[in-house]
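You will see subunit A twice below: alongside subunit B first, and alongside subunit C after that.
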Partner chain A sequence: MSIHPDQTQPDASAASRPARPAPRSSSAIDLAIRYGFLALLLGLVIFFSVFANGFAGPRSAVFIFQSVAITGILALGVTCTLVVGGFDLSIGSVATSSMMLSAYMMVVLEQSAFVAIIACLAMGAFIGLINGLLIVKTKIPDLLATLGMMFLLVGLQRIPTEGRSIAVGMTLPDGSTAEGAFSPLFLSLGRHRFDFMLENLLPAPVIFLIVIGILVWGFLELTRHGRLMYAIGSNERAASLTGTNVNNYKIMAYMISGVLASVGGMLLAARLGRGDIASGTNLLLDAVAAALIGFAVLGAAKPNAFGTAMGALFVGILLQGLTMMNAPYYTQDFIKGFVLVLALIFTFSLSARKAGSH
Partner chain B sequence: MKLIRRKALALFAGLAAAAALPLGAIAQAQDMPAPLDNPGDVKIALVRYLSTGDFFQAYLSGVEAQSKALGVDLRVFDSRQDAALQADMVDQAIALGVDGIIIQHGLTESMKEAAQRAVDAGIKVVAFDVNVENDAIPQIEQSDYLLGKLALEQAIADNGTEWKAGYVYVPGIAPLDRRHVAWEEVKEANPGIVEAAQMGTLDNPIANSNANQARSVLQANPDISVFFAPYDEFAKGVKIAVDEAGLSQDVKIYSADVSTADISAMREPDSAWAATVATNPAVVGEVSVRALAIMLTGGDPGAQVVVPPTLITQDFLNENDIKNMEDLSANMPQFAHADVAMTEWMPLPPR
Partner chain C sequence: MTETLCDLVGVEKSFGDNRVLKGLNLSLPAGAVTVLMGANGAGKSTLVKILSGVHALDSGSVTLVGKPFRPSNPAEAIRAGVVTVHQNINDGVIPDLDVASNLLIDRMAEPGYGFVLKRRQNNAEAERIASQMGLALNVRQPVSELGIADRQLIAIARAMAHNPQLLILDEPTSSLSASEAERLFALVERLSAKGVAVLYISHRMSDIRRIADRIVSMRDGEISGVFEGETLDYEGAVNAMLGHQMTDADIRIGERGKQVLDVSALKLLPRSRPLDLKLAENEVVAVTGLLGSGKTALAQCLFGLGQPESGSMKLDGTHYAPSSPKAAIARGVFMSPKDRANNAVIADFNLTRNITLPFLSRYSRLSFVNRRKERETADTMIRDLSVVCQGEADGINTLSGGNQQKIMLARWLAEECRLLLLDEPFQGVDIRARRDIGRKIRETAANRATLVFVSELDEALEVADRIVVMTEHSITAEFINQNVDLNEILTAVTGSAPEQAGQPEEAAFA
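Showing the complex of A and B:
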């Protein structure tokens, strides 16, 4: 499956090429495509700063970042799979499984934070590997393979505790009490705040988001591997004919996605201080929405890390701003959907017109 | 002398009976009226709508414990918030030939007819926290209205009658709607209590989603001093936001429901979570099974079986050094056992 709107351009380097000089008549459209979404983002910030009490200021900026940090990290993983023309539906459940696993390692098995982190990362990579193998070796379509993995994980995460959420001092299935506790080091991953301009301003998950965002962006845009992945997404056969090991890159994309999802799950566990049974569906949908909105940023019309980060931020600003203005909860899904549709219009219809005008 | 000896004998017999109780579930089975005199052949089904969260886990454990004490064969059907599937599961249970069904939560519209089909098939049915509009089906209830009311009375006792409040509410969820009634009444009776903001979502993980919202609400309304979050997952979320905003000294949270995780959150140093009101979900589970057992033996538990709630304050937890639900049950007898849906022959789960 591929949802790249620029299927017609097999040239992989089209992505990094500077914009071609456009004829005068379409320059307005070009501008709208390139900067429309960022302008909308700026407009939103100004709107909420004026109308939402307490919106303007570093503290709200930070908690908006915090509210999107986890979905943002997941979305960056999805972006990597979208780049190779795939899709990972299992990220939400990988994240919640990783949340359960980290809690299980520390609370039930009484392991250190380090062991828990390694176990979660290994699980994420392993699930990504399985996803990738299912897709490239057994030729199961990506949506179906990762859908199956999603259900599998939703069930698997409940088996060790027989469906119980994991909290310090919980009663285990055999009737005894769990003796372990979350290590303070692990909790600080989700709760520590760094001094930045103001004291205790920047929460650790935001740092994770920014660092991971830069890494994924650098990997996709600046390295040969990243460009080859875009090439696979554009035209798998052509990439393969030029000697690219398509299968390896695809598996790698799913492994990146799995590892990033497990990082998101650990941050969630650290913030909540417990392992919550959850399907992760909301995490999946929010992450996918952010990645798809990202298509529209700077007129990229393709998955890209910067766009994904902006997409996540856009949703975060909207939701937090609306909450501050006392908008009821059901408007939030509506708004998310509306923004997504708008972004898809930007991406598909406007960039198709751009392509047509040349 | 004779009298004393008789008394001593009775005491001894009582002690022996008490000691035998945990082991004696099978020994007692013969004393239970039919069909429970042969409990291994009695099948009951628990058909669930909600199952995620500490409350529902504890409820299930209560159902399991009481079923085990009775010796009956329990089947659990879990529809995981799929209303149509839950109705199908009732039909499945009918096909399985169960003797009794406990319907746990659900929607009136989807469960009304399924419940009627079960009654028509001669199956005894009780419903917990869902109104299936059927006279043959007793309602098991934790009094959600009282839950909200007691929490708010404590909030007024702690903070007086002049404060700005944040309120967490998602309409359309029956228990939350009933708790909402208490909030409306308190606002009506105390014009000094102002609802500065209302928020709430059931997006899962619920605590995380509500933490994000509460953070915004606190930023927009820094003068909020009391949060009424009448569901513990809501309260957890609000507490995370209060901690992150560094306001744990300035905001007090009042909630409903309790779990081991909630207890540790309430007992953190400077915790904003001041009090919660709860019925022990495990006890509600036990009461559900007992009510069904009474019906199976031809008795009548009454149209409504209400399990009374208990107020649990942070101070009480700290004074008694309560760490988990077991400690809480040990220190609060009214929390460990509710004397409703009881008969002389009813075996109780070991404590």
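Showing the complex of A and C:
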């Protein structure tokens, strides 16, 4: 199967080990699979630094991070469901529901930021639980169950305000005026900037993305729960025959996804300062794209937290760079789709070729 | 006897390093039902796939009615007159379509059929085919409303519409009741009388006694025996299939330790006879029996995958009725399931992660996995079992079947247990790995009871202190593995009674 037979990679420790009839596949392909995507990312950064004025610099970098923070958090959630062999289409609508709920709690019900946050997190966990139960108990295929949930939430979030956005001082359906306001603490979640190298450099959502990214990465890579979730995704039956409670782990994955989506929604509300029914339409597709692009990073060919973060970053860099080079806004979705298809080809054809040696 | 219809000479087929067919010679006479017997992995399905055009052979030749036969795809095989009805009925019919469409589906797939569906013409044609086959069915009924037997008969009827010269039936009765099977037999006899050569693959002795004109046994990719004539030697055929080139199995039966498992009056199925089984420490017991004899059901009962109809089990003197594999493992009952690709191997994981999967909590503190500790275990197990690999970080699928199986064994040997269940641990394993695995099972058996489920007698003789024979979901014989009379075991395995209505097969847990 070796396509470049002259490039067999000498493995330092191979000599001491028993020889195997089939040598490892050629190193060129291995390298392409492992580092191709990161090399592309680096190439992109260099390209824009040279050709796009003002691209290279902390402000621009932070802008990129900020633009991908919320989708990145959602993508990390969907990564968890992909790990157990599932899929969560409801994350976008969970996020927008959470945005509406936090605004409703504070503006209409005049609750504190703390209560609003708890309510949103609880809602995310609850929706994840329902998704999980629909999938493991009623055996609805994951795509359909979460698609149904998506529609349900898209409709539900509009009912309390009769389809209107929530803003401070809005007129309520009964004719009265909303008395509450967003708490400054809550707004700072989306707007505060920390000093880092430069004054007011790092926006809070970026910190959230980094912290959540590290947590999800650690959970999936370092803990036994993450390991078992990967086992379920690879061979569910084998995992259950080794005593793993497959259903519990699947439900947990959807709950993580729901909670992270609700965090994303709150950050969106805090940044916008209103519950805007028109925002967040792109969240689902962008997050899913980031998670799927993540398959290609380091040749993982499977969902992984680091890859997801890189995938989100990749899209962010590409869009920011093109914007700075005056590419029109309406080409953005096309570019995202193109990158996704490219990454998928990369993952599935190259990795399949690698795996095909057996 | 009549002239030979299909002749296979020196047929070879390998998948990678695995030589599945090793110069196989077989001739199939017209107008006779040839039963093909062979244990798992003997190469039966590969042979069927070569004849039906799914696989191409590596070397050797196949002649059909005097002409060379080398189909490059299934459609070509069918046009040449070789028609196959596969084991899984649901591969054979499309439940959402009606009977007529199912009978004519392959005709519709042909290029000359035209664009528009000719419903009236189809129905008339379908009725003609059905009546020829003696099928009394409404051709407009959706297949999803029909029983399994009717679906099977439809698949066969469609096959017959091509006027085949060779009909291959792969385990056709495995999901049929006795009366349904009888309908099938009548059909097969009718076809055979018309001069069709029938290759009938089955393990069920009752079927074989009923239908076989001749029996061909297959073993390790070769024909190991051909039995024909007025009275067929059934035991000889089973013997040839299971084989007993008595390897140097020097089983030294050790001292039986403390009793571990006590199964009493266990009924696996409502109508099966209750069975008793006692297992002690330092004892390896092999359970053997033909396909569908209840071996799997027993293993699943013991591992919490199925519940018995009645009876009781005791483990170390206390009540034992696991409700799930998790519960069984918690009591120290481990099982390495059969069919490792589907039931055991985590393809995405490396060797270490495959080994440590069931007992990850032992390698983790506060849920964080200690990778060094699990690598140490894996390295030890790989060395102990002499797994051929580059290292513990190899992907599991880079290993050969035998070495994969060793890893699956290592998974369960890495921790102490009370009862180790090994379901077909030698499946798809070469002879050397098989020896290694057998030796390891015996070496480690001192502090636990071990129950090995095997369908090949050889394997039982190589590994066990005691051999228990199952037929019809019950234990019918037991042998101490010392100067054991092979013929007695064979008689027990084939069972003396050729009969009984409504084999309980369909109730066996999946």
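Everything that follows uses one rule, which is that the second predicted complex is superposed on the first by the 328 of 358 C-alpha atoms of A that agree within 3 Å, B and C clash if a C-alpha of one lies under 4 Å from a C-alpha of the other, contacts with A are read in each partner's own complex, and residues count from 1 in each chain.
Basically, a contact is a pair of C-beta atoms (placed from the backbone, for glycine too) under 8 Å apart; a residue touches a chain by one contact, two chains touch by 3 or more.
Because the structure is predicted, anything quoted here is derived from the model rather than measured.
Student: Look at A:A52 in the shared chain and tell me whether it touches subunit B only, subunit C only, both, or neither; answer first, second, both or neither.
Tutor: In the superposition, A:A52 contacts subunit B only.
Student: In the overlaid three-chain picture, which partner chain does A:M170 touch, first (subunit B) or second (subunit C), both, or neither?
Tutor: A:M170 contacts subunit B only, not subunit C.
Student: So in the superposed three-chain picture, is A:R34 touching just subunit B, just subunit C, both, or none of them (first/second/both/neither)?
Tutor: Neither partner.
Student: Which partner chains sit in contact with A:S279 here, subunit B, subunit C, both or neither? Use first/second/both/neither.
Tutor: In the superposed model, A:S279 contacts subunit B only, not subunit C.
Student: Compare subunit B and subunit C by how many residues of subunit A each one touches, and report the one with more.
Tutor: Residues of subunit A touched, subunit B against subunit C: more for B.
Student: What is the contact status of A:S234 with respect to subunit B (first) and subunit C (second): first, second, both, or neither?
Tutor: After superposing on A, A:S234 lies in contact with subunit C but is clear of subunit B.
Student: In the overlaid three-chain picture, which partner chain does A:H192 touch, first (subunit B) or second (subunit C), both, or neither?
Tutor: neither
Student: Does the superposition put A:Y329 against subunit B (first), subunit C (second), both, or neither?
Tutor: first
Student: For subunit A, what residues appear in both contact lists, the one with subunit B and the one with subunit C?
Tutor: none
Student: Which of the residues in subunit B come into contact with subunit A in the complex?
Tutor: My answer: residues 51-54, 57, 61, 170, 197-201, 203-205, 207-209, 211-213, 215-217, 219-222, 236, 240, 244, 246, 259-261, 263-265, 323-326.
Student: Could you pull out which subunit C residues touch subunit A in their complex?
Tutor: Subunit C reaches subunit A through residues 16-17, 324-326, 328-330, 335, 337, 342-349, 353, 357-358, 360-361, 363-364, 367-369, 388-391, 397-398, 411.
Student: Any idea which subunit A residues touch subunit B in the complex?
Tutor: Subunit A residues touching subunit B: 52-55, 59-60, 63, 66-67, 70, 96, 99, 163-165, 167-171, 177, 191, 200, 203, 268, 271-274, 276-282, 319-321, 323-326, 328-329, 332.
Student: Contact residues on subunit A for subunit C in the complex?
Tutor: Residues in contact with subunit C: 11, 13-14, 17-18, 20-22, 222-225, 227-228, 230-231, 233-235, 237-245, 302, 355, 357-358.
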